[in-house]
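Two complexes come next, and they have one chain in common, chain A, joined by chain B in the first and chain C in the second.
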Partner chain A sequence: MVVTSGTALGAVIGTIGFAAFGILCGLLYKGFDRKISAHMQSRIGPPIIQPFLDVSKFMIKDSVQPERALAWLYNAAPIVSLASVITVLLYLPFGGLTFTPILSGHGDLILVVYLLILPALAMVAGGFASSSPFATIGAQRKMVTMMSYEFPLAVVAIAIAWKLNQLYPGESVFGLAFIYSHPLWGHVGPAGIIGMLLLLFSIVVVTPGQLATVPFDIDEASPEIAEGLTAEYSGRNFALFYLADAAKMVAVGTLTVALFFPYDLSPLIGISGPVGSFIDFVFFLLKLFLVTTLTVTLTRVAVARLKVSQVPTSYWGATTAIALVGLILLVVPN
Partner chain B sequence: MTSLPFWNPVICIIAFVILIAIACLFISRGQKKYKKGTAQTEIFLSGEEPPAVEQRHIKSHNIYWGFFQTLKEYYDPTVRAHTGIINDFIIWLIAIAALTAVILLIASLT
Partner chain C sequence: MVEQATKMKRLINAIWIFNWFNSCGFCELIPLVGSRWDMERFGMIITGTPRHADVLFIAGYQTLKSIKRAQVIYEQMPDPKAVIALGACTMSGGMYWDSYNTIKRLADYIPVNIYIPGCPPRPEAVFEACMKIFHHVGAVPPHGRKFAKAHRG
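Up next is the complex of A and B:
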């Protein structure tokens, strides 16, 4: 590949643009999440722009560093967390096929699954570095959660790629742009449809674990360990964790949309060109909103937090079993 | 074009470094100061007296407590099998080798 100064500059500008838009979008979805969950509990809730106000407030508050904290790791963790989440966004078909992922062709689904671990690992490192017992317990719980949800998530990823490889042998079936442009629902039989639904259910269960929301928010568990991992974080450091969390919501939601709802609206209504691209982009944002509302908002309002020991059971037991049955139903010819 | 997974680590690292720079730029806009040496820098422990620094961390063998607790039906016999006695390990080696040989024999006959 020949990299000219023009393409390099374009990539840098594109990276900055994706970073800004991913974060803004994540904060907006956080605002919707809080508003909808409040209404579901018969509360008025904060304004939609509350997450933006929160971040601007965090930035002017003291950024306290505990006396016995491991300073360099404590301060580096939020930066690494945010940077790694945005890196994931660069590989994803964020905005549907309207915008080609900046790093399309340089990484695939497997890479995305592994990169999604990085922000969580950064939080774990920051938690251990802060020398707080609450944060240390949170870090321990976060590792347990990570080890638990990776297995069913990997099964879902492999199942989709496996089926695509059956349908399109020799093609780049792990590439996210390829996955997005080749929906599976219309190419599988009744058993395959059930398999896809089971895999979708698995990723719906995995998402709250990825985002540390109820019922899998054991690493934060405010009433028990006072936000756990981030108990000692404040000010600008906490703002970065907050932004990383918002961007991760977009990244995980985009992954779900790419794997299970990779449809555009413009071909159906027969509009092409810039208007069609705009419609597809808005349609993508709507799909992302619905996915995040289902996996985060509705789930966290409807259920209670699990115990630490119940999280591995939920993921390695029921969720993995459901994902494996989904995989078998999807890949066995029917 | 290949159906195998692919990634370009150099591009990934370059993008990551650019984003680290953006994150550093963003964080540099925030409030840097805090009151060092005051109660502000004490860790929060719900009003309890914080333990000594060396007692604040979870010991490494307890880090995965939740995981071991949940999967104890698997881990307990596995840990018991690791006796540290070389004779036991040799028995395991011979047993696994014998099992592998039987599987290969059956596979070659079918």
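Up next is the complex of A and C:
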């Protein structure tokens, strides 16, 4: 199924399709995440479809609105959050040419990196608007986290594009389709491989911050500040945040896959056409599963939450330093 | 009522719990979280804010001072909601039965849906209570925008 961006109808159907794919896939991966983390703690864990059951439950719960909340902002924040995640999904390459991104010609890596701020920013606005002290503290912490992880993430994006520009001068190296079709690992020397590994490490560290999972979940921190940002949200509004969170997991994981593992299976085994595209898509889902398991599940089970002051320090200090060393190793000719 | 009953089944599959525990209350639920009884396999998890909660667990004896906080938490939870009282203390005051300051019967202060006896209650009893709680549809107040409107009208 190749959706062209030419017609308005195609764009609408494609948007609905990508939104449904992102949300369903995200909820499924959330289920895997909970099941795997339960097994790692020698528990049985919930059924894989537990996130779906959670969402269907939230839909019948009452949606409470605090008396002193700023009503329009409080109710708009979940919708903006989900809508911006879906917008990001329209740019991302989901495995080969199976699904051509609807907006592939209209934006590049830099835009995607900065669009990924929007859902978090909507959550911050909703947290401030709900007038709860817990949510306000959570919103402040979220802003600090956002400001901290943006720089290493930008360094990673620029390093990849810089190297691609050295290899293919004159091309649109920031375009996600270009990045996805030109893997870097085979074109760099030994120092470049080490540089790529360091950049991969930084993006693995940045991902929990983007998704607000342990160890960088200071903004939610349920035992300290009562779920932080979403402290006042319930019912349908909270369900929208839940869906946005699930879809964002897919978006962030896809970005990592596109930057570091843009390999397709079909050229390797010599199958083309629709069957090859399908194989690529399944292979992509597998890669995404491995990336999310590594960055979210393993990290969150293995380590405890960092202190509030440690999160910006670790991002601005160690992670940025590692990313910069990786950039230098990658782009300096060797 | 039938529609409400089918909707309630969706609640039983994903019960989010808010804990209000006094004194030794918490030791009753520790085994449930751990790997031996693992309440997450039934979709039950503990949440940090009353706004996300479906069921309020009250355990241990309540004093005249702490019951006010419990009432505020109950008011903050969105409908449909239920209260489960754990242990002997909530039913009779337990070993503090003759204290001037202890609540002897929790249902006088908060609409308790189910009492679980025992000191402490068995984890299996807690699971059974959670499965049963939303079957008592008549006891749970109407919920949602549609139901709230019908209830008012």
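Here is the rule we go by: the second predicted complex is superposed on the first by the 326 of 334 C-alpha atoms of A that agree within 3 Å, B and C clash if a C-alpha of one lies under 4 Å from a C-alpha of the other, contacts with A are read in each partner's own complex, and residues count from 1 in each chain.
Here, a residue touches a chain if its C-beta (ideal position, glycine included) is under 8 Å from a C-beta of that chain, and two chains touch if they have at least 3 such contacts.
Note that the structure is a prediction, hence the values are computed from the model and not measured.
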Now for A:61: first (chain B), second (chain C), both, or neither, which partner does it touch? both
Of chain B and chain C, the chain that contacts the larger number of chain A residues: B
Per the contact definition in the header, classify A:38: touching chain B only (first), chain C only (second), both, or neither. second
Tell me which partner A:140 touches in the superposition: chain B (first), chain C (second), both or neither. first
Touch test for A:182: chain B only (first), chain C only (second), both, or neither? neither
According to the stated criteria, A:163 is in contact with first (chain B), second (chain C), both, or neither; which is it? neither
By the touch definition at the top of the document, which applies to A:171: first (chain B), second (chain C), both, or neither? first
Which superposed partner A:248 touches (first chain B, second chain C, both, neither): neither
Counting only touches as set out at the top, which of chain B and chain C does A:84 meet: first, second, both, neither? first
Tell me which partner A:316 touches in the superposition: chain B (first), chain C (second), both or neither. first
Going through chain A, the residues touched by chain B and also by chain C turn out to be 60-64, 134, 226, 231-232, 235
Would you mind writing out the residues of chain B in touch with chain A in their complex? 1-8, 11-12, 15-16, 18-20, 22-24, 26-27, 29-35, 37, 40-46, 50-51, 53, 56-58, 62-67, 69-71
In their shared complex, chain A is touched by residues of chain C numbered 7, 10-11, 13-14, 34-35, 38, 40-43, 47-49, 51-52, 54, 76, 78-80, 143-145, 148
Where on chain A is chain B touching in the complex? 11-12, 15-16, 19, 58-68, 78-80, 82-84, 86-87, 90, 102-103, 106-111, 128, 130-134, 136-137, 140-141, 143-144, 147-148, 165, 169-175, 218, 226, 231-232, 235-237, 239-240, 308-313, 316
Considering only the defined contacts, which chain A positions touch chain C in the complex? 34, 38, 41-47, 50, 53-54, 56-57, 60-64, 134, 222-223, 225-227, 230-235, 238
